[in-house]
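Below, chain A partners chain B and then partners chain C, in two separate complexes.
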Partner chain A sequence: MTVHNIRVGESKRGDASDGGADAVGGRLSRVDGPAKITGAAKYAVEQQLDGLAYAVLVESTIASGKVRSIDTSVAEAAPGVLKVLTPDIIISLRTASDWFGTPPPDAPYCPLARDVTFSGQHVAAVVAETFEQAVAAAALVEVSYYETPAIVDLSDAKAGDGIPIDAMTKEWGDAQAAFASAPVRICAAYNTPREYQAPMEPHGLIAHWEGDKLTVWEPSQWLDGMARTYAEWFDVPFENVRLVSPYIGGGFGSKALALSHGAVAASAAKMLGRPVRLVMTRPQTFTGYGGRAATRQTVTIGADRQGKIQSIVHRGINETSIDGMWVEPLGSVTSIMYATPNFSSKQNVVRVNSVVPGAMRAPGENPSAFGIESAIDELAYEVGIDPLEIRLRNYAEQDPEAKKAWSTRQLREAFAAGAERFGWAKRTPEPRSMRDGNQLIGWGVAAGTYPVRRAYGEAIVRILADGSVEVESSSIDMGQGTYTILAQTAAETVGVPADNVVVKLGDSRFPRAGVAGGSRLAGVMTGAVYKAATSALDQLVGLAISDPRSPFHALQANTLVVANGRISSPRGDGPDLSIAELLSSVGRDHIEATGDTMPANSTAQDRYKNYTTIAMAVPHTEGDYSRHSWCAHFIEVRVDEDFGTVRVSRVVSALDSGRLYNPKLAESQWKGGIIMGIGQALLEEGIVDRRHGRIVNNNLADYLVPTNADIPDIEVISVGIPDLHSSVLGGKGVGELAIVGVAPAIANAVFHATGKRVRDLPITLEKLI
Partner chain B sequence: MTSQTKTTIPVHLDINGHRHTLQLEPRVTLLDALRDRLGLTGTKKGCDHGQCGACTVHVDGERVLACLTLAAQVEGRTVTTIEGLAREGELHPVQAAFLEQDAFQCGYCTPGQIMSAVACIREGHAGSDEEIREYMAGNLCRCGAYPHIVAAVRQAALEVQS
Partner chain C sequence: MRDFSYLRAGSVEAARQAAALPGAMLLAGGTTLIDLAKCGVAEPDSLVDITHLKGLDKVEVSERGATIGALAKMGHVADHADIKSRFPAVSEALWQAASAQIRNMATIGGNLMQRTRCPYFRDPSNFPACNKREPGSGCSALGGVTRGHAVLGTSEACIAMYPGDLAAALVAFDAIVHLGERRVPVDDFFLVPGTTPEREHAIEPGEMITAIEIPHSAAARRSTYLKIRDRQSYEFAAASAAVGIEFEADGRTIRDLRVALGGVATKPWRARAVEEALKGKVLGPDAVRAASLLAVEGAVDHGANHYKIELAPRVVARAILKMGETA
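Up next is the complex of A and B:
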């Protein structure tokens, strides 16, 4: 991070209600905040480079077929045009390995398509001296096609039943037999549409070659993973690729991988010998990479008359692309939320003419929870039990799937705290029983969960001559607060104010980090910084005690105390020096320590694999425990009786993310997840033009995301306790958790308000009137 | 881009109290002029279609979407961007409130939100939370900082008025 010369008043730095804002667990304001509120924060594609050329993509207008010809002559003659790239006019690349590191086929890779498998696929690109010239010339590229019939979506008659994914099968007991003999049986189908991450910063990059060294300024959730892909595409050593991503304007899962537009831009830069900037238009962001796959689930529950579950049978499908594979694990919450003696879950994927879907906030858990958390509500009404009570009756005291103890599960506490704060006891159970004038009022509850994904990280901590501390890591901050919590970790561990810590992230030259995805980065990186900072502190104290030039040398002390940037004896005798004074006395200009959380004896290959693939992620059920974050959402909706419009009027959510490294920032992330969940429940849906297999609402006016006017005040309550089985400092995941369970809580509230059960997201007015 | 060609015109811009003369094609938007020609990248491009509000700047004190405004349209008018809001290193009350209330995460919509908020208060549309939500509804935030944005605008409105 750059240093910001903006004065921030003491009250703006945060508050010390949690034991000091500077320490881990304190409510320190974002340390990257001053840069972001003044416009000084330079995002990746905002780097100003001499000789920069501008690229604009041309996309397919059919969903299936082949490119017959591309006429570039008019575009090439347009003012300022430097190059038009087509599948025939582009340098040859090699296929890269996938994110597991699976060796790729020895085949060339072309990021511009000859064979078209979805509408919006990149088929050409125009590079010009100015952005305006490139935009104008891109419209002059004439592409003709041989078109073949497309499978437009899951409901297409040509789609079929899909491919069974055996790895998704989970079974224990005899679910079918138990269901058949259960006194109470419910069965329903739940659908979720295509949804899009829609980060405010569009995807894009600047690619710049110097000889066989490539620098890429690109918003990235995973610098080392993307650097690996670029290196493999262009057949250069990994070390030759530098990814720079100081700030990321939102990702939500969509910015973790190098994508074909990146290959186009880097190819153009190499062909032209100039830096090239390519930024997707907003419509291109709907097809240039995948959003959340559309899903279908059937949830069947057999129970006794007291609502105790005896069997769950779950079947799911999600869409994937014609030539890519995306599995959205739909049984992930179904299998662990409730104690059930008999269980069966299976999943297929169905190929459609779409871009390959991708990760979007809580992939798997999110749609999975919409199924099971709606179904349990249906069961509650079937047996006449309060929806909160039925969840407690079926509370899973251990992981029903892994048959292991939970590391921590504060879900009962979440239900209790949320219900109390929301006033759940005042709810009348009958649908349509609460109203305010013309508005039907509904109260719904649902739970959510997300596994604790773990990996390893590495960081450098330096104590500099002026007593300040510097942290370096190739991890990133897309708004989760990495800059801030790593400053707090280093400040607390070394014993300096957070103001004296500078955190540098977002450069693949720094010590390595894995993906910022699956809510794992905070746990991984606080652990690595803690380790590096502890080692730096040990060196500092060691020097102070043992260096003959140190004023502490004569004390013969076993240890010294470093606090607030000063070193002293714990007994209070002897000198009291600033860190700068001590370093000066022993003639050192800095102390440096690298820390990582990799297993001992890890080889260089292990490290490369850990930081550039997800193959070494530690299973959340490793060892004796099953590790997850948990939450409970209590939501009030108001439904206009005449028009069927649904407004969310009140949200209280209680969440267990373990220990919070910075509650102020964690609360923001939780609320953000809840708000995205409100969008999912009521607004968000990619709409396909069935004639052309095209997403027609591919912009921010037609793909509706929540606006400020859609969102009420939201109350979040932390019920977590430190979970040292999950991370070095006791945190679990924060970022994905809060969206899980929001959509079913709203659907359940809508049922309570109206008596109508909507099982097909989003819940729009035509489904209610 | 400073040399005159057949297709460019001279455009005089007054931005954050500084005068700039650029040779621009008439089709260049104020947003691209700020970001690509002047290096004032605090104003963000989120959609380029007037749908998201990330490019909100002030022209003669009123909020305007820089992506839907041609640079040549603002000749002779006063443009203020996020970079011009803090005076002599002192944060504007809206900026300070955004930091204190944690009214952003990724920060990409933030300059537009702040420029909108300053104008929203000046317009007299920050009288209640409901009014703030309505008059800030043109600025999308995908991280979902809305409740904190409302809190920040409410806090700043009180400070500005006092």
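Up next is the complex of A and C:
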């Protein structure tokens, strides 16, 4: 098998949108687009392997208790069945370290549960010759349980106050005292439900053992991290595991880690000596891994009568599972968005009988912004100040928490550009003061932010005999545009058309990369490719100048110009050769350079740790600056006064992601985030049957995400400037930013439209009727 | 999904005979049946494919009314010029149902046989109790998540909502279901659950829907289907109303009114009390709003679905007033 090599040239649209697109900052269309549109793109589980067997998971039907017995006899006798795996019939694995690389306990790991801690937990699996046979036999596995009472969610009386997470505590000044003496005080509670990433491509994999070498074809946001986990589970060297993930049909945070279903499939493959494919059903994607944790926040603001904040007191809780730990940092936006002399934020986590929650687009910042950006709107109405004006009055000129200068913060510019384009000045402040027939119209504003997470990456850049350039990296493209921007980076740096660059990603055999999460990959990988390409270019020019066979040798120049695939002297007084002609003249069939962004004295161990854990991520407040992306959303809603239905009719968002490596792709990501935010605000909620502790809307007909009809034209405006404190080429994060602040902007607009403040997402019609 | 045998029926008669055998089911567009088979709800021993039968996909509008073949696709009927002009509520109900992909697959006959979206009905492995699936096993929905459940026509055995859109329009305009030679008014074709929720339609083994007939009426010609839901597209109704109106010569006094509800009842729900209250009255907002409250007479909620009792009369009133405005 090979990773698809995508030639940039195939995807050019040939219209104005591609004009000047080859360089970094150009609007090159996605190079992987045509393959996806035409169906030529082969996804991980579409690999065809001889002898492939199919595994189907059996899930617990209780939320809490123990497996009493599993009767596999009927299933084993069913047609085509090769093996039924249970906690007693599966090879023993070792516990793997977590994503920080924390050494694990020296304990066995079993991906099939004896102790049930949530409904939908994997308790058995059936492997058969065909998928249909495995499905049919899975229904014949008889599992009986000892059931114990479950804690179904945060509102369960048994849930308690939870566990304080001291690392989340942030305090300065005397927030309680300042609040008590403030002339204006507001206090409100904000809740967000369980939400799910709902990627189009469900989770799944093909696992294939050859001796003690394992190949896993699996959609992945982090090949090296997942390869490490598989290696640790099966106690084989890291180098023995190969992860292949050419395309990813949406991840949104959910495909960064090797999960228990992967362990089941790889175990089955080892036990059977055959490659095994396992793909989750859509209902299983709601319990096979975690979505966004449900959260509760109280936000208390003390201010003077001019709306100047004197104190913020914030308390948050999020749910986690019975035996796993997930902290959704709820004070992350609260502590940096506004200047306040007194601040206190604390957080607890509460154990409930659910799968351990996970990362979902802007974990932490997203619910955090729903709290503070709703509360500041409430304060604006309390003191009678325009919601945009109150944000400017409390503008944080430096990071209030770290007490450091912002690297760049174009938020004031975002407010100005968004307000201008939206026409905010024409807003009448009174709730219910704007309408169109039965439609109450509301205009809301909210800000968002996401930290610049930095890590390291490495890449190989090759200049080939035909003058084309090849880039290799184990980083991935899940639709955000890695293939495209790395082609642009290599093209610009070496000096060739982007058509002549081939980018290969998604194979852990390539030079390594950290996780594609936290909006860090573009900054990391453009930096690594830039360095590798610069090094390759230096070699090329060096050869041209110094090799006696080179036509440039006699020129005695100290540098040469490479542009559009041709080499010439700066003054144009010498030869003018194509790269291919030069390589031919000096007898080379390629030039190869590796580049990385690791500190110079890094050891092999440092590198391994960097690429396979998140322990070495660089803090966004390292050194003298605090680094974040910023945005401001201006949103119009129409609420039917009789029906309570909310429709978003207009969105203008101005965003600061620093320099954009490709504005067309960045705009698409921003719009995607805004659309996801509209779903979060109005539609998305995992609904639990409280008697069974089970999510009942575990499918895409009942767990609603927005359709095209729910989405108006969305206008996005880039207000960023290059931020060289944040990345080698000046970009900040793009992918997570835009969802942050959308839900509160909509909730604020709904308040403006109706006079009703909805503090529990989603804002469904019965809350307004 | 269990193994099943597959038979391509050679004629309507052959299809009826094959489908009369125990464990046999007719397969048309498959958008409901295949879905339910994947859930483990439908476990047919044999499927009798009728999709290729000739002559059952026609839409004909004559002097008497419209006759829609059972195998006509939803999308085709929605876009039919005479259906749009003479029965706008029918076209609008179809346009607002499902998705474009499903409308291009699903047939009109199959649409009538669409089953409930009750999550407890659709998940046998987690919720064994369901009187609709297993008579006498109990109802898992009672005491559970009920936001989408019915408030009208429920029983102690079942509160599952009938999810379809088209049937509300058919009930409003007195459509007739053709089961071969036998004719059944569509309002009688759909059954309330009572003590036998497993029985949803007045159709006997060996019978097959061959067509639907909708008689012409002035009310049908001046009609609309208003569907309210959380999501703008591709979602079942929170509440919907098929409404048709005919005025006296003065253009204000209501001669005939048809009102049927979707999204709130265990079957498509004709609201005759609303019709009777307004017939002979002059159309006006206050009278319409007051009469529309009669649409939910006798409604019983189960907590999370209480909003439907508030919402449904407002949907009815809006639809009636909208039809009045177009005078």
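The working rule: the second predicted complex is superposed on the first by the 750 of 769 C-alpha atoms of A that agree within 3 Å, B and C clash if a C-alpha of one lies under 4 Å from a C-alpha of the other, contacts with A are read in each partner's own complex, and residues count from 1 in each chain.
Following the convention adopted for this analysis, contacts are C-beta pairs under 8 Å (C-beta built on N, C-alpha and C of every residue); 3 or more make two chains touch, one makes a residue touch a chain.
Since this is a predicted model, take the numbers as computed values, not measurements.
In the superposition on chain A, contact of A:N438 is made with chain C only, not with chain B. By the touch criterion defined above, A:F643 lies against chain C but remains apart from chain B after alignment on the C-alpha atoms of chain A. By the touch criterion defined above, A:T408 lies against neither chain B nor chain C after alignment on the C-alpha atoms of chain A. The larger set of touched chain A residues comes from B, when the choice is between chain B and chain C.
Of the two partner chains, chain C is the only one that A:R691 touches; chain B does not reach it.
After overlaying the two complexes on the shared chain, residue contacts for A:I769 are found with chain C alone; chain B is out of touch.
By the touch criterion defined above, A:E132 reaches both chain B and chain C. In the superposition on chain A, contact of A:I714 is made with chain B only, not with chain C.
With both structures placed on the common chain, the touch criterion links A:Q221 to neither chain B nor chain C.
With both structures placed on the common chain, the touch criterion links A:S726 to neither chain B nor chain C. Under the contact criterion defined above, the residues of chain A that touch both chain B in one complex and chain C in the other are 79, 132, 701, 706-710.
Listing the residues of chain A that touch chain C in their complex gives 61, 79, 119, 132, 135-136, 139, 283, 438, 640, 642-645, 647, 682-683, 687-689, 691-692, 694, 696-697, 701-702, 704, 706-710, 764-766, 769. Chain A contributes residues 5-9, 11-12, 29-30, 32-43, 46, 48, 79, 130-132, 197-202, 247-250, 252, 279, 281-282, 478-481, 664-665, 667-669, 671-676, 699-701, 705-714 to its touches with chain B in the complex.
Contact residues of chain B toward chain A in the complex are 1, 7, 25, 27-28, 32, 35-36, 39-49, 51-52, 54, 81-83, 85-86, 89-91, 95-96, 98-100, 102, 104-111, 114, 129, 132-134, 136-150. Of all the residues in chain C, the ones that touch chain A in their complex are 1-3, 40, 117, 119-120, 123, 125-127, 143-145, 147-148, 228-235, 238, 306-307, 310-311, 314-315, 317-318.
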